[in-house]
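Structures for review follow.
In what follows, chain A forms one complex with chain B and a second complex with chain C.
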Partner chain A sequence: MTMHKQVARAAAKPAHSTGPAAIEATGLVKRYGSMRALDAVSMRADRGEAVGIVGPNGAGKTTLFGALAGTFPVNQGSITYHGKVITYESAATRCAMGIARTYQVPRPFIGMTVFENVLVAARAGGGRDKAEAADFAAHVLDETGLMKLANTPAAAAGLLDRKRIEVARAMATSPQVILLDEIGGGLTEAELVELIVLIDTLKAGGMTIIWIEHILHALLKVIDRLICMSEGRILAEGDPHDVMENPAVRRAYLGSDPE
Partner chain B sequence: MFDGVLQALLQGGLLGGYYAIIAAGLSLMVGVVRFINLAHGDMAVLGAMVTITLTEVGGVPVLWSIMIMLPAMALMGWVMHATLFQRAMRGGFLLPILVTIGLGAALQNGMFGLWGSNTRSLGASIGELSWASWILPGGIILGKLPVLIFVTAVVVIGALHLMLKKTKLGRAIRATASDPEAAEMCGVSSRQAHRAAAAIAVTLAALAGVFLAMRGQVTPYSGPAQLIFAFEAVVIGGIGSLGGTLIGGMVLGVSQSLGGLISPQGSLLAGHLVFVSVLIWRLSRDWARDHGGWRASLAISAIKLRRRLTGGAPAPDRAPSSKGAA
Partner chain C sequence: MNRHHVIAGISAPDRRLMAAGGLIALGLFALPLFGSALVVDKLTLLMVYIILAVMWNLLAGYAGLVSVGQQAFIGLGGYFVLRLVESGMPPFLAIGLGGFLVLLAAWPLSWLVLRLKPAEFAVAMWVLAETIRSIVMFDPLVQGETGRSLVSLNAIDPDVRRTTIYLMAVVAVVVSLVLSHALLRGRLGGESQAIRDDEEAASSVGVSTLRVKRWIFLISAVGCAIAGTIWLASAITFQPRSAFGINWSIFMLFMVLVGGLGSYLGPVLGALLFFALQEVFGDFGAWYLAGIGVVAILFALFAPRGIMGLIIGKTGQEPLSMRKLLIMREG
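Coming up: the complex of A and B.
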């Protein structure tokens, strides 16, 4: 058992480490009782890089996002953002520094319009003053195709629009790193294409993207590097196609042995 | 008789302004912070006691006393939340109740220790405002103080509504009320939003306490009764709705004053009865909504009741049958 853990830790060291990463996690451990949701996870994303994360349910992907975004405090390990240690900063502070995230199940603010949802993020997270925030929120609504819904209650939006609100709110905080949690799930193929266009725009704008996704073909269109997680550990990482060909990944994630 | 009812309606409606102010703070805490502060009434009394002391002992004019007391109470609300409520909220549903009951007891006994058990009032300090009135056609008497309190209630609740709707802090508070974690991810510190809401709530309680002491008397133990009135107004008006809280306060006030017409003891009883009726109505409406509407849910209930009365005859398809085996 101990041997096994040591091997896993050794394997989890970052693949390359040149210059400060946009965001870097080292040896993250998150325990829930006796279960280790994160078991010494180390990963990094460089500036402007798009990193995909795959793995079976319960692999610790969303827990990793919670740790990076600051919503779950970790038991061990450290997180740096552009070389600065942020392990103990609150989620709101990390957001103001430039880390944004979206949720797998969209969580719009109920009782607010779509515009207000984005405005909150533009003012609090983006640190803009009143007039500037309103202009920027409108700009983000244009980019995410939500302008026509601006003054409707967020609670009334459909699934695609709720996902767009998630992305719009994250964008409104002017992030440098954006964490996307299964943003493509539950969408039709046509809707997915629209979403990929939007994410490509973010990437073209120089944003660092970390994207958890089960829909591989969508993920592979955008990402530069792929990480596969399983049981709280990093199983493999590197070139997306190499990772998907890795026998351990195929066993854990696809549930099948390579032919 | 008619004049008496009209008078009671008017006075009750105006009294509702007082209830609305004390209830607005409670409503904000329940609706936004999801925290029930059972010491809310005691904080109202503390506000009154501080104002009375500043005026009577310090010789500060009443208006200035209030202006000094309100920010101090806001600060106290902020600190209370940062030190006590925030921790209590992390400890499950029972801890906030125990902590705020304890806080209420500490406040009551602390005030008793400081100021003794005598009844105190601001009535003497506000001169003719405490009894002056307008006489309307038909002999209807309209007290100037109740009108002032009611107007203040409308202004305060309107301002609070605008603040929540239009300002950065208001949106932060509403975002936090909807989803604290998602709000954090938008850069809103949910702790700061909660502390701000607690500061506003305690300020409103203290303002209500001042009006209570202007209208009549307070003792260190007046708080729990005010808490009950505040809860009743919040529930009648609907939790989380500020406009509803104003209406809830007025309904409570009118019920009490109409009850007072029936018998001198009827006043409080009538208020409580209206509260219980509204509560039962809301619960049964929700029950009916979750069971396919009134007609369907009542029909099923009637069938269930009949079965119970007739000895619970088993349903036909559950009866043992030899044919069923094949």
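Coming up: the complex of A and C.
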């Protein structure tokens, strides 16, 4: 707890970090049997801030997203959203409040069309009525480059398009905080550029972004702050370049998994 | 902004199909005027099958809730009608009220079963049906295996009785088809399909999964109960072993899988095929059941998406599809 505070104080925080964080986790613990997937993790993201998360496989990054999004309950700790405690809210409620997530391995609704995938998100999570939701879903499809696939089955979409569906579905819920889980993986350099433009647009619109990514150069183009996780803990956080220079980070992350 | 995107309305061919469906319904309403007693009775049974197939498809095909225990509600509907009639209620009123009582019973049960994983849900529903049957058999009125007849129905003129029950069955079919159409075109349709495809992902785009599943579960319970009360009214005798029989689930599974799981019209086609098979081969006793099994295997091997799959393969599109197509509109 005090450790975390020291780290947070040392971190280069953006100027607009007054008031409650957009989303803040304090002392999160998630156990699977005797294994601690999250071992007292505390982190925050301020309004409009873009936070990157790196770390070796099994560091607990995706587990952290599950905890923040309410996919499963945590064993200990608390989560607040704009200062309000949401630790016990369901995933659907958190989504309606404005927290959206994507999945590392895309999980499209395969019995539905691409448009229907996005439409259900716009109606359920976005709370829009039918006519408004259809038009908004179309707008999101346009922004994510999926318009030409709108009426085709999601099952027929390739990996890149499945990743786009993940982002489009999350965007359609009109989130204030978006959790992006390795959406850059498997993309070509040109596709990555497109993706960065898209995420920059979200950021410019005031959205809070937390992005787990292995592709550092893409991440570094967008984020304000970087968190490095290892073995269920936060190893370092702060200015992206400082974190990447941190010897402990280099040992845990770059040492085992050079770019 | 003068260009915007909307969900396409119902297509012209689908409108023609719906008009044809309306004409068929009118014909069915008029049938007792010229049809023989035997035809009316047979068609009542067909209506019961259609309702059951539509309800099972709503559960399994659209919400991913595979149940082998819907006979719980078929039997319970029949039992409630029996009880109400024995307490002095006019039989046709009791038939209407039976479905409502099943709604009240299914609501608490939904809390028990809907949190389970899919395979657990399927088994739990069967256990539930068997449990309810055992409890009903303790009722002195039912006398265990013996069962009981709706004696007050026998007091009504057979022609009036037959026609009334038949008309109730046609109304129930029309209502279940219209209602499920509205439901599937609406918000609940998209949400339930999302749950069917990936429940966790559905909840993370804001779908209240338990609420949606509960709606579908309750609608399907009431639908099965109404089918059960109509069936009881035409069979007159309530026997727990047949009213709560696993046969019902096997029939529903057959009709929906052979007709086309997760399509709007598939279950109706499946019910028609099942009814026809029963009419042609029903006299062969146990062999008829084996024949049903063979047909099911043939479909599983050569037409896994059922009759509807064959139609889509031929024509390239699904008649009365519940797909929501995005189109652009000017102005």
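As a convention for this text, the second predicted complex is superposed on the first by the 237 of 259 C-alpha atoms of A that agree within 3 Å, B and C clash if a C-alpha of one lies under 4 Å from a C-alpha of the other, contacts with A are read in each partner's own complex, and residues count from 1 in each chain.
One rule holds for everything that comes next: contacts are C-beta pairs under 8 Å (C-beta built on N, C-alpha and C of every residue); 3 or more make two chains touch, one makes a residue touch a chain.
The shown structure was predicted, so the numbers you read here are calculated from the model rather than taken from an experiment.
Overlap between chain B and chain C is detected when the two structures are superposed via chain A. Of the two partner chains placed by the overlay, chain B and chain C both lie in contact with A:G126.
Contacts of A:K163 after superposition: neither chain B nor chain C is touched. Between chain B and chain C, the partner in contact with more residues of chain A is C. Looking at the shared chain after the overlay, A:A134 reaches chain C, while chain B stays out of its contact range. Of the two partner chains, neither chain B nor chain C is touched by A:R225.
Once the two complexes are laid over each other on the shared chain, residue contacts for A:R107 go to chain B and to chain C alike. The intersection of chain A residues touching chain B with those touching chain C, taken from the two complexes, comprises 69-71, 90-92, 95-96, 100-101, 103, 107-112, 116-117, 119-121, 123-127, 130, 169-170, 172-173.
Partner chain A is touched in their complex by these residues of chain B: 168, 171-172, 174-175, 177-179, 181-191.
Listed in rising order, the residues of chain C touching chain A in the complex are 4-7, 186-187, 190-191, 193-194, 196-198, 200-209, 262, 323-326, 328. Against chain B, the residues of chain A that register as touching in their complex are 69-71, 90-93, 95-96, 100-101, 103, 107-112, 116-117, 119-121, 123-127, 130, 169-170, 172-173. Contact residues on chain A toward chain C in their complex (touch as defined above): 69-71, 90-92, 95-96, 100-101, 103, 107-113, 115-117, 119-121, 123-127, 130-131, 134-135, 137-139, 141, 150-151, 169-170, 172-173.
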